[in-house]
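Notes to accompany the following structure.
So that you can tell them apart, the chains are marked A, B, C and D in the order they are listed, and the count of residues begins at 1 in each.
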């Protein structure tokens, strides 16, 4: 049953992505992107990653989609023009995909309990984090305690991104500023 | 028993996805996304019971909220986006009692 | 759990995202493709962490094995960083639109105005000294 | 007593699944947007409601049933709101309801996506 649900959701994901590729209307594409994130979060639940599903649902399906809608509201949601130069792109994609398939064929099966990923540090975290940290959720104890510096780095990255956004579109968009200043030169800042 | 519910939900998700892809109008797509979201909420709640760890209902709760916010955000887009002008015009016309039959 | 099934889907999704990034002339859709690419990489990691018949890594008195929590932690960080970069990219798109009036790459590249504000460092006209 | 609860939850869960599938089929088969809204309404209220009541019966008196109860309330409030907002937006967008008389030009023709290219 686990396998069946997983496979069905993955098939729906592939169908959604193909629809995104073929769709020319940007708002419809954004809707489908919301579905993509929801589906991906459902797949994460099936693969036992509940915390990741939580984050993906709120961040991927929520914030990303709304940010894209906001961008479309500012920049206009004109129908996308027909893409040029499809053939070279298809060749690159097929070649890269083939190489990746070849590379993946050497990995252990999904769910194999003897895979290298589950034989080293995994045991330590599962067996000792409950007594060492005292939090039942292993993901939380690893995130906040064992790998706390990673999380600190993540905060630094988000801070930098926020600074970048403020530098780019700080006090309203260019159009709003132009309207406020009454000139239409376009090259403000 | 939960298997029946899971299969029913998966089938409905497939149907809703088909409607979202086919369209044809934007509102059909929004409706399909909304339905799809509700089905995902249910699927995650039921899947917890199916795998005998029903502790993860919180995620379904978050989904339910996100789904509603998403739908309202999309509709808000019509009030502020590039369609805003024609949309407001039509709203005023409809509210004035004109049903828009003459165009 | 079905062999390498998940990995094949990861590659299909990843290549579709890659294709969108390469082919689509619209900048917002490019970012969407980038997001799809990124999310499929997340799926690869989560698939590695899965153990057959396992359960979510939250300690209870269950007899089932716990799935590997380490990929979950890494991807948790990656998702949040991913949305930060998406927001930055979309801010760039908004800035490009306010300066050049278009988010279509073909139009931007064809438009002479795009280059108006930028001086080509190799342009011989710039060799002449200015009063400043 | 346990048996009664078990049978009740069976009935609600299977009934909910039937309604969900019916709504899904309606979403595909109905001719245009406003009729599809009815189909979606069935899955959102009756289908989701019955399934969640079944889950509450399954988990008895516990924290989980409280969470599912909150979710049920939330869906009962938000889903009609979303449907209403959607229908309102569609009406203001001069999407005409399907009628027996003018079914040819009402169904799947005006507004929505095609508006992208329109001037007015």
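The rule is simple: contacts are C-beta pairs under 8 Å (C-beta built on N, C-alpha and C of every residue); 3 or more make two chains touch, one makes a residue touch a chain.
Model, not experiment: these values are computed from the prediction.
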| field | Given chain B and chain C, the chains that contact each of them | value | A
| Using C-alpha centroids, which chain lies at the maximum separation from chain A? | D
| said: Looking only at C-beta pairs that count as contacts, which pair of chains has more of them, B-D or A-C? | reply: A-C
| said: Taking the mean of the CA coordinates per chain, how far is chain A from chain D in Å? | reply: 28
| message | Can you compute the centre-to-centre distance for chain C and chain D, using the mean CA position of each chain? Integer Å is fine. | response | 34
| note | For the pair chain A and chain C, the C-alpha centroid-to-centroid distance in angstrom is 7
| remark: So chain A residues touching two or more other chains come to 2, 25, 27-28, 50, 72, 76-78
| note | Two or more other chains are touched by the chain D residues 113
| task | Mark out which residues of chain C touch at least two other chains, giving numbers and ranges. | result | 55-56, 58, 60
| said: Help me check something: in the complex, which residues belonging to chain B touch chain A? | reply: 3, 6, 10, 13-14, 17, 20-21, 23, 26, 29-30, 32-33, 36-37, 40, 43-44, 47, 50-51, 56, 58-59, 62-63, 66, 69-70, 73-74, 77, 80-82
| note | In the complex, the residues of chain C that touch chain A are 1-20, 22-26, 28-29, 31-32, 35-36, 39, 42-43, 46-60, 65-77, 79-88, 90-95, 97-99, 101, 103-104, 106, 117
| Interface residues, chain C side, partner chain B - complex | 55-56, 58, 60, 62
| request: Within their complex, state which residues of chain B touch chain C. | output: 51, 53, 55-56
| Partner chain B, residues of chain A touching it in the complex | 1-2, 5, 8-9, 12, 15-16, 19, 25, 27-28, 31-32, 34-35, 38-39, 41-42, 45-46, 50, 53-54, 57-58, 61-62, 65-66, 69, 72-73, 76-77
